[in-house]
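Pasting the structures here.
What follows is a pair of complexes built around chain A, which joins chain B in one and chain C in the other.
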Partner chain A sequence: MVTGVFDLVVVGAGPAGLAGAGTAGELGLRVALLDMAEHVGGQFYRQPAAGLGAARPEALHHDWDAFVALRKRLAAGRVEHLGRHHVWAVERGADGDWAVHAVVGDDGGDGRPVRVRARAVLLAAGAYERQLPFPGWTLPGVVGAGGAQAMLKGGLVLPGKRVVVAGSGPLLLAVASSLASAGAEVPAVIEASGYLGYARHPRALAVNPRKLAEGLTHGAALLRHRIALRTRSAVTEAHGSERVEAVTVSRLDARWRPVPGSGRRIACDALAVGHGLVPGIELGTTLGCGTRTTADNTLALHLGSGQETSVRGVWGAGEVGGVAGAQLACIEGELAARSIAARLGRDPGPEGRVRQLSSRRTRLRTFAEAMAATHAPGPGWTGWLCDDTEVCRCEEVTAGRVREAVADQGARDARTVKLFTRAGMGWCQGRMCGAAVSCLAGDGQPPAQRRPLAVPLTLGALAGQGPEDASEPSQSQT
Partner chain B sequence: MARTPGELAGARPGPAFEITVDGRAVSALPGQTVAAALWAAGVLTWRTTRGGGRPRGVFCGIGQCFDCLVTVNGVANRRACLVAVGPGDEVRTQEGEGRGELAV
Partner chain C sequence: MTSTPDVIVVGAGIVGAACAHYAARAGLRVTVLDRGPVAGGTTGSGEGNLLVSDKAPGPELELALKSAELWRELAERLPHGIEYEPKGGLVVASGEAALTALRTFAAAQEKAGVTVRDVAADRLPDLEPHLARGLAGGVHYPQDAQVMPALAATHLLRASGAEVRLGQEVTGLLTGPGGAVRGVRTASGVFHAPYVVNAAGTWGGELARLAGVLLPVLPRRGFVLVTEPLPRVVRHKVYAADYVADVASDSAALQTSAVVEGTPAGPVLIGASRERVGFDRALSVPALRRLAAGATALFPVLAGVRVIRTYAGFRPYLPDHLPAIGTDARVPGLLHACGHEGAGIGLAPVTGRIIADCLTGAQPPVDVRPFDPARFEGGTGTGAGAGAGA
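What follows is the complex of A and B.
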């Protein structure tokens, strides 16, 4: 039952949202916590479904204790968790409060529209994986690295027996070690950048010893599972007919151009691939929240010292402010909650705590920027595309068609390419092809993150949301 | 060292039940998504694309890419990576946008 106006709606129940909701609850705020999944945890702490009876869910995770602590804090406060709620828009209400619109169900398919009202909104929607296409990437058995991890954590299943892990970014090491622990053979991790890039940011490393320790843990896991790590290399083609049977791994130069003649085949029956993460910020951009460009060319919400966006009354925490990991997400969630409490006239807690959290945040943000710079895709990656490589998976638009729009039809940016070719116009609304299309269009801009409807919505659900409930002080659903 | 994900997580699942996939009986576990049940049964694809008719299944695994759309109990365009399976569910390969039955 959801009634009345909440003090705070938190969108997303990952580490940032949990820390935000838990802290706000402790500070006496009435909080609604909305998330698309049934259980809290987000992608990072995704757990096996209850029916699977997992006695050791922590075996699939790093830092499970932190999650247990977050859950405890949630239970202690006045937090209403609304699982299976897919938020499609946040709208400013007439009285200066906010209406958060959602559809309900495993995939939002129950069609039941829900509106939750609140005096403040905390966006903690997390991130999704950045993909760069290559020949064969639509073959069955090629999955997102984060996707393989999610299917393992949530469903206890693997995409294959022999899984190559490729792309760029620290997630790859975690994915490889999880897959191997769960019984997959992982012949190699293929990282397009090098880890030496971190050495260019000595200060970021020096003030974050825990991050170094995490790196060593991953390194040890790779050794234990006999996983080869190849840097400055990429999967430049996946081969197979019914499903992936092998991949070609090529060396890359400093700009990520594949070195001709360097290709070597690795046999596998699955490939888990991803090139870092993209902040999920569309709920914020639709409200007009200002953005910044991160070191790896993604858009993130511009956040102030109290985690507030440029739109008064809307806060952000975790990956929406730039991908930085669970540890920072927790800090930012708590900082946001304290800032929101203060705005709503409550006691935000000890000043010393805020100072301490702020300084940790600065330190971890420094590391995140170094990480983003180290693993940022180089411009040469488009060199591994063939003209018949699909770039937009939804609309089946090839690289050749996009190049034609640029070279022959004069498209100079991703939006014009989209209008000419439909790339980015499909179901996923450019989430999968956005980075690629921007590169091919040559506009040098990060892909736009404007999606007025953040999740698919039936006309029935839209029609069921009559204007009259907007003015209702209490809106209920079971 | 664990040989399966279930071993690693110490899983003792509830009783398995049957679903059908394009008419074929497949065993599924309670709580699994459609996608997880199909992966466990060795099935990787359950949609063909609208243009080229090419096979697709899970890609992003978190409900963002819509590659895994499938027809469940006659309803098209369900995201297999999000929708939980239930006993007796009829899962069908989705052709194109899954509205073939509307064609005149």
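What follows is the complex of A and C.
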């Protein structure tokens, strides 16, 4: 074995990364598991900060037992967990290995540069939330649905006392049920799609009884907390001066156009809103990994049967291959680890196990695609944007300005809109406004996920990045 | 518009936009075609350098001086949105030897008409308060300026009144008796015109090939780093004296000498690495590292500033590092306006003027023989196309 080189670097310590690193460790690989958070778990198994003294963090979680099992496997194998590592790029090395560049610190921007070398890379960076803007969405008190969940799991805080949950996707039910359990009043869950969409994919439901059971659990929670579920509706405006005081909920037609005159106000002091998740694939696209367009118009990494991307030596698992949830993420993480072990000349374990995992993966992927199709934003949503609604918050670009770039200046795609208006050039690099700008540009394409720097870093850290900063496998394990 | 235009410009980057602009001002009817959006190629990846400071006396400097004058005039005509800033350039030398070389270079430029001002080491902070201490001295070039390239291209096009057809990839040239150009073919149809201008930038060689002639335009990759928005900490275009040697170099290897500048929108831009690696967008960590090291050496205060973005672009270069501008004697009706390497934004207006003069039979503002598009044919140098304006 080459000194200083791990067998595998896993980027992301959520369910997919944990399962991948744990399995690889059990199969005898030397693994580095990098994540920006201090503790493993990712967004799904986010834990309260130690200082908060949470007695039962599992109370806020589904499937905590699975997480405990994953952590145990991690401890047993040869896995070095490198927390607070913010990976900004993966680069092909000269000898067919990979260099993973990261900055280390609580806030990546101020961190110390490190480089981790490995023979294989598993991308398991998860996803981030898709936002569709509406008038008033920049008011304090308006938070992401996933963000509200994270605040609750990680900080044990509620975004408000009376919280409307809105947007689209299965996450909304989970968020509403968590918020209500933690003591918030949730007057309504506003879902833009209709759940009838699932009925169009009967096979996907029939082969995934566990998914049905999850849905029933959330449905029961809504009933118990007297939360109204309103489908085919959207929050089309948030009102308030200092912070959100009420929202207008409008009915939507099949194309998500607001039905005129259908608006109804609901008083609240917070709004948790999100329109599904977007795979975090920029590390892969920078390497040239091929992508596919999902049923809800996001880009995901194109993955082969062993979870390998189109770039040999780079694998993907979990949401990076299309948003599908923690259960599938664990399966894919394990499949990837076995495929990587085989590539590196190790025993990948029993063939039967791989076959079993593969067929479960196929089932869950089918369900995920049905779910994505059901909750895909309709093209009419831009109808609730006013010309003065801010679309890009970082650069303060309005919908009117974007429309002008398209109508008058020859912009035909999101990239050109960005060049002409600066929408997407700011701090978040279009993660927040990408979906909206693409729709307004009208090219029908999912937003490109080209961000050669996956996270910001200081010029000093970039300039100081040298070979002497390499992070290597522990000597005791050689 | 259904009637036949006088000229078709292929390429909606800054050079194509300038060609359309000056041709329209000369009274011609223009159609602009591009396979992508406006500014979708190298223009959209450019920093917007309008430099005279980096050019040695010779034909390119002559172009640059004339173009600087035209940019000043355009800035009066076009909306403020193009972000034209006559901010001036500051070239600094770290040691005595470099300073002597820089001063010799500047003296020759001054004879060629460039305004240069020697800046002693102790006067550098007057121009750039945050510049590193301990530099040997520098030269201030007040004629250097900056523009936002994509916005400049779109505003030039709009002001021209040209018909702009986007998403039209040219797949062939239409020719008539004697091989004269009659228009172009695209995937969706044909466009007729007696003249066609090749303003396809880095892809200009491919269009020349469709016309059956050689124009060896090749890509030279560059990375730009973009920082988080800052108050004005960098006032000029600031770079180290070794940049000039990099620009003129024939080497394929990575060269980096940071050019640092602020922008009206806030971010500091740091260019510009130079590599000949084909159309490869793969991230080069060594290139970024050297840009960052160069920038922080010039401005130590930037060490704590975050880079939020980087992008690559492909400069179109020709073997002798001069653009191809003017009529192509090999194909009647074909004109070229490409191969400007890293100077396309700066040289766009003068290129547009020359093309308009060629089309109308006017006398171009500079001697265009060094830019003869046929000069690479068979290694025989300039052909019968010399004096293209005639």
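In this text, the second predicted complex is superposed on the first by the 461 of 478 C-alpha atoms of A that agree within 3 Å, B and C clash if a C-alpha of one lies under 4 Å from a C-alpha of the other, contacts with A are read in each partner's own complex, and residues count from 1 in each chain.
By definition in this document, a contact is a pair of C-beta atoms (placed from the backbone, for glycine too) under 8 Å apart; a residue touches a chain by one contact, two chains touch by 3 or more.
Everything quoted here is computed from the prediction, not taken from an experiment.
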{"item": "Which superposed partner A:Ala220 touches (first chain B, second chain C, both, neither)", "value": "neither"}
{"item": "Partner contacting more residues of chain A (chain B vs chain C)", "value": "B"}
{"item": "Touched partner set for A:Gly183, first chain B, second chain C, both or neither", "value": "first"}
{"item": "First, second, both or neither for A:Asp408, with chain B first and chain C second", "value": "second"}
{"item": "Contacts of A:Asp106 with chain B and chain C, given as first, second, both or neither", "value": "first"}
{"item": "Partner chain in contact with A:Arg243 - chain B first, chain C second, else both or neither", "value": "first"}
{"item": "Contacts of A:Trp427 with chain B and chain C, given as first, second, both or neither", "value": "both"}
{"item": "Partner chain in contact with A:Leu287 - chain B first, chain C second, else both or neither", "value": "second"}
{"item": "Touching both chain B and chain C, residues of chain A", "value": "109, 395, 426-427"}
{"item": "List of chain A residues in touch with chain C within their complex", "value": "89, 91-92, 99, 101, 109-110, 286-288, 395, 408-413, 415-416, 419-420, 422, 425-427, 429, 451-453, 456-460, 462-463, 465"}
{"item": "Parts of chain C lying in touch with chain A, wherever the complex brings them together", "value": "12, 36-40, 44, 150-151, 154, 157-158, 164, 166-167, 225-229, 265, 267, 270, 282-283, 285, 288-289, 292-293, 295-296, 302-312"}
{"item": "Chain B-touching residues of chain A, taken from the complex the two chains share", "value": "36, 43, 48-57, 59-60, 106-107, 109, 128-129, 138, 140-144, 146-152, 154-159, 181-183, 242-243, 393-396, 426-428, 431-432"}
{"item": "Residues of chain B that touch chain A when the two form their complex", "value": "1-14, 29-33, 35-37, 39-40, 44-45, 49-52, 54-67, 69, 75, 78-79, 81-84"}
